[in-house]
Each structure stands twice: as C-alpha cells, then as structure tokens.
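Let me begin by handing over the structure; questions about it come next.
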Amino acid sequence: MKIMKFINKIIFFYYREYKLNLSGFQDILTNIIFFFISIFIFIFSIGPDKETISLIGVGIIWTLLLLSSTLSLRKFYQDDFENGNLLIIHLNGFSLGLIAILKTFSHFLFVQVPFLLSIPIACILLNIPIDKLIYLFASFGIGSLTLSCLGSISSSMNLMNQRNFLLGSVIVMIFSVPIIIFSVGIINMEENFNSLINILFGILLIVFAINPWASGLCLKLSLENN
Amino acid sequence: MKFLVNPNKFNEIADYMFKPVLFLSIILFTLGLLFSFYLSPDDYQQGSTVRIMYVHVPSAWLALLTYAIMTFYSIAALAFRIPFGFIFNTAVAPIGAVFTLICIISGSLWGKPMWGTWWVWDARLTSVAILFVIYLIIIFMNLSFENRNVREKVVAIFILVGSVNLPIVKFSVDWWNTLHQPATISKLSKPSIDPSMLTPLIIMTFAFMMIGIAIAILRIKTEIITRKTNLS
Amino acid sequence: MIIVKNLSVERLNKKIFENINLSLVSGDITILKGKNGSGKTTLLKTILNIIEPSIGSIYWKGKLLKKNLYDFYSNVTYIADKTSSLRKLTVKENINIWKRFFLANIDNTQIETALKTLKLDKYLNQKIGALSLGETKKLEFLRLIIENKKVWILDEPLSNLDEDSIELMKQTFEDHCAKEGSIIFSSHQNPGIYVTKEIEL
Amino acid sequence: MSLRFQRLLFIMLTLVIILSAVLLILFNTRENVSYFYTPSEIDKSDIIINKIIRIGGFVENNSFNKISSSSFKFKITDEKASIPVTFKGILPDLFREGQGAVIEGVFIDKNIFNATNVFAKHDENYMPASIKEDLKDTGYWNKKYK
C-alpha cells in the first residue's frame, strides 16, 4: 500500500514535469532549431566537399548535442529551486537523492530524446551512411543519459553560483571528454562495437551511481543556505 | 599531528616552520640545479635534453600529490566535519594548478626535440590536460560563489568527483599504448634509472616539495586570517 | 507534537538565534515575532530539518525528528515566503498538479467554494503571470486545503494580503485548530489573529 | 527496515555498481584506447587504404635508407611483423635504428605505409652515456635496453 502510494507520487512527479516542459514546448523546439541551424552553418562553412562532411559528421553531432544539452542546464533545478518547488517536492516525501535521479530521467526524456529523434535527419544532412544509424543510436542513447547525469551534478553544484553560470557548462564538458572519445570510436571502429559499448555503459554506471550522492548533497547545501 | 587539522595549532607551527622550510628549499634548489646542470651525466639516448626531466617529473609528481592530499582533506572535511580541510583546499588549489602547468610546459619542451612534436592527444597527455582544467575549475569555483558555506562544500564535492581522474593519469601509461613512456620509478620494481641521475631527480623533487609547502603555509595562513576577519 | 529544545543556529560563525524552546500540541496557534533578519525563516526551516541546528534538538511525536523524518513530512504543510505556483500554467492546471501530486482525495466542489471565497474563481483559466502578487499568495493557501495535513508551517502568511483576506485567514486558522490541527507562522507585524503562544525572536 | 539500514544498503549498492563499472571499463579498454597499433595487430588482409592510423614499434635494424636529404625509407617492427614505411620531412633527434617510434599516416597500398608524422618514443630507462660506452667495451651491452 505504501509502495503503491509512492509509485503514484512518482508518476505524478512526471506528470508535473510533463506539464512544465510541454508548456515550454517552444523551448524544446528552439533547441532543435538551434541544432539544425548549427548543422547548416557547419555544412556551409566546410564547403561542398561531401567526403569531409561525412568524415567529421559524427563529431559535429556530438559537439552540438553537448552544447545544446549544456544550454538547457539552467532549467535543470534552477527554476524549481528559485520558486521553492524543490522544497515542496522534498517535503512531499522525496529524498533529495531521489529527486536528482527523477530529474535526470526527466531531463533525458524531455531534452535529450527529442535530439535523439532528430539524429536520422541530421545523418541525411551530413551524409552519414544510414547503415551506421544503429551504432549512432546506441552510442548517443547511452552518451546522452550520461550527459544528463553530469548535467544534474553540475547544475546542482551551481545553484548558488550567481556570478559565473558558464562554469556549469565547463564542468559538464570536461567530464564528457571520455564519453566523446569512446562513442566517436564506435563509429570509426565498428569491429570493436561490443567492448566500446561496454565501456560507455561502464562510464554511465559510474556517473549514475555518483549522481544521487553528489547532486543530493549539493541540493541540500543550497536549500540550507538559500 | 594536530596542526594538520586545527587552524590555531597550524598557525603556531607554521610560524616556526616557515623560515626553515624556505631556507631548505633554497638550499635544495641550488643543490638540485647544480646537480642537474653540471654534475649529472648525459643520457645514452637523449643526450643533454634529459635534464628537462629534473623539472618535468617532480612537478608532475607534485601536481598529482597535491590533488591526492586535497581529496583526502575533502573527505575529512565533508565526512568528519573538519573545517581545516576547506581552508586547505581553497589555499592549495592554485599551487597544484601551477605545478600542473609547469609539468605541461616542460613536457612539451621535452617532447619537441625527443618525440618530434609539442603535443599529442594520447591518454597520458590528455588526462593531464584534464587535470589542469579541473584545477582551474576549482579555482574559479572558489572565486564565484557568494556564500562561503556553500562554496567550500561544493568545491569539496567537486574535488571528490574530479579525483576519478587521478588513477587515470597515473596508470594511463600502463593500461594503454601511449607515446609517453611508462613510469621509471615505481615501488614495485627497482628503478630503471642510474643512481647518478636519480640523485638530482630526488633532490629536485624535495626542492619542489619544500617550495610548495612554503607557499602553502603562506596561503593557508592568509586564508585563516581572511576567515577570522570575515572578509569572504 | 513538536517539541523544540534549547535550539541554537549558527551560520558562518555568526549566531542567528539562541536557546529557543517551543512546544506545539494539537490546537495550538504559535506566532513567531521578530524584526527583519531576526531568523524567523531560519527557525521555520530548522524545524523542517532543512537547516542543521548547531545545538539543541527537535522531537516529533516523542521521537527525534531526524529518525522520524518522513512521518513528519507526511503531516506537515510548509508555505514559503515566495510563490511556488508555476507561472507558465493556468490557475486550473496548477491546482490539478497539486491535487495529483499530493494524492488528495478532495472533490472539486470543495475547491470551487474555496476559490470563490478567495475571490479567485474568475481567474480559473488565466496564467499565473496575469495575477497580482496578493492573488498568487492567496492561491498558495489553497494548498493548505488540498494537502489536508495536521501541522501548518507558514512563513509570513499575512504580508501582501488585504483586510478581507486577513479576516478570512483568521477564520481558516480557527477552523483548523478546532479540527485538532496546529499552526506555526511568522509575522513581522501584529496580525490581530488569536494565538495561543507567542515567541519573540 | 530502519533508516540506517536503508542508507547502508544504498551505500553498498552504489559501491557495487561503481566497482562493476570499473571492472567493465578496465576489461574492455585495453585494446581500445590505444594511441597506436603495433604492426602485428594490423591484419594484412584488412588494410583500409587511405585511412589515417598510427602504428607504433621499433625501427628495424639495417632497414633505414636515406633517399634524399628529407626523404626516408625504413621498416617498423615489433619482432613479429614489420611494415615498410616511407616518410618525407624532418625526423626527431631520437630517431634511429632500434629505437621506438610512432608513425602517423596512411597505407598507400597494401605493402607501403606513407607516414605524415614520425614521433620517436623513448623508454623509461635512463642511463649515463659513459656507462653505455663502458658496457659496450666490456661486452655487457644488452640490446634489450632498446
């Protein structure tokens, strides 16, 4: 009974997130437009050489994914923190670590998944062979969830940071270096697919295990000193 | 050993220690530079260029050591509520950053004549570059929070998260193929370096360590005073 | 229900308040009085276990609050000094979100009458951004009815309210106490509400 | 379940996840984060022409040929396989026969590797030049020092 009640609460947490994100649907759309316009700019600035574009295509997609997921970092906890909703959610029986996990998945669902869905179109634009799509989806799926975890950690760290918000993006970027190395490796070395996907999965596990502790502690600190 | 956790005791000890440490570091530097420039032989492969090692290796060791100590102090400060850990972290991060910078610059000066390139993106060099950026982020974090209470704890958490990088830096040369050569001196095996070249290396390491401690003493004392007067 | 013993809070080596003793049984209305910056919000947050006290302890139903935290949280409504309603959504959507989120089994007529008494019924389909400050504040109090909990902890509930609304709050408070609930609220002015206990900070 | 026990369980779970993740990474990274391949790792039948790769090994003894002042020919070996290499440019000081090197470039056909960059790799052994002479004189010079 108690567990059912709790599951209900979690479902309605996501109902709330869904309402919040869908009312700001233009935000998601703007993010995707940013993504595609950046791809166009890359294509135009490289020139008509299709070979080069398809060679660096995966790198371009990764860079843009990273940039646009750091753009949406501010929405991670900041809004809920400033209007006091974070505290209300906590008082409703969610421990801060659990909030971190739920928020991470919500960020993945509402920010990263739209990107994942637009990757096939990006592939066509960038001349990446369609048969590589399955590798792309595997690596981007794991990689973007890892980015969400990192985003949770860094944005909870920077809740009370009024002066230098860009620092949050820098933190995400520096820790995402290994993810990018391995997931770009997947596209270039298909024969090593299994071991590379295992490495990416390992990194995801580590970040995922650290996330509730680090974010929860930072959220607690910020609530305490707000 | 109470002075390692108690600011007041630290202040007392530091007053005694500072001048001897500074003096020792000057002596060791003179001795070390003398050794590394005149009294140590050329390498059979690298000739005279090997002398860059006497700056490169100690600074690399100390960059790692500084971060490792900061990690320990972060754990102590967060888990056992020892506020001296926060003071230490704030004060010492720039020293670690400078050591890392020296390591990177001397390394690329060494790499150009020997490897034929200033910089490559192999595992060791990349992870050291990441270590440097982590140090920079720590410094910037220390500058950008208004509330000290949040700042010091968040920085400690960040140091803990960033310490994942330490084993990667240390073992990257053993785990993966890198252009950078594996460690010369490890505890498990006899060092594969001639005693006549080991001597200046060790002297220089202690010289770097002493100058690091001297600067750390000054910076920690400043930090303690700043906190007492509530300037930040 | 809540007993606060010997509470002191310190921040950055600066004492915010010292030696607060407080006990709250059902039917109590306690007011925290004090000037700006005297630590009213801090005390409320300490009672909610958001801020760690440097000395002293808080008990909930005879047990240490920390050991009994989630039981305490399921019995308390906290309304902060700021508006927590989501500005992008309409009044109706906000109410719906709260209703589901707090698993309230409350029928719509009850909410409608409450909205009517708060004079908010005409805004039902408007975004929160269109409401005035006092009106969002009043909307916030709808949570008290929706959550339907024993203990109310309110931070500055009476600021920004007009006289009619204060009169309404008075009524609500007395009703809640009659139902064996208890209330702690902070105020920097003299509210003219019947209280059983007064704490000066 | 008391809160304390739950917390302990949670900590244990985190540690187990992290440990398994570390093992997962360590078991899989060995062959992947290589800065270079060794000659024996390169499958002769599977060479992709004109794809940039790096190969690391030793410069084979008696294989170094100077074609002109800035054009060289040598072989890279790891004692199991060897690959012929051509290179135009400036070689690093340390480059010599029997010395470790990493080359970056493309296979222009199945048997010739055209290097665009040559890095010399030195090992972790440091020894005074005079001692090397002594060792050579007395015949104790061990070629395995590389």
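So that you can tell them apart, the chains are marked A, B, C and D in the order they are listed, and the count of residues begins at 1 in each.
Convention: a contact is a pair of C-beta atoms (placed from the backbone, for glycine too) under 8 Å apart; a residue touches a chain by one contact, two chains touch by 3 or more.
The shown structure was predicted, so the numbers you read here are calculated from the model rather than taken from an experiment.
Farthest chain from chain C (centres taken as the mean of C-alpha atoms): D.
Ranked by C-beta contact pairs, the top pair of chains is B-D. Chain A and chain C have Cα centroids separated by 36 Å.
The distance from the centre of chain B to the centre of chain C, with each centre set as the mean of the Cα atoms, comes to 51 Å. One inter-chain figure worth recording: chain C and chain D are separated by 67 Å, centre to centre, where each centre is the mean of the chain's CA atoms.
Contact with two or more other chains is made by residues 149 of chain B. Chain D has residues 29, 33 in contact with two or more other chains. Listed for chain A are residues 206, 210, 224-225, each touching two or more other chains.
Looking at the complex, you find that chain D touches chain A at residues 10, 14, 17-18, 20-25, 27-29, 31-33. Only residues 78, 126, 130, 133-134, 137, 140-141, 143-147, 149-151, 153-154, 157-158, 160-161, 164 of chain B touch chain A when the two sit together in their complex. Taken together, the chain B residues at the contact with chain C in this complex read 148-149, 230. In the complex of the two chains, the chain C residues touching chain B come out as 11-13.
Only residues 97, 181-182, 185, 189, 192, 195-196, 198-199, 201-206, 208-210, 213 of chain A touch chain D when the two sit together in their complex.
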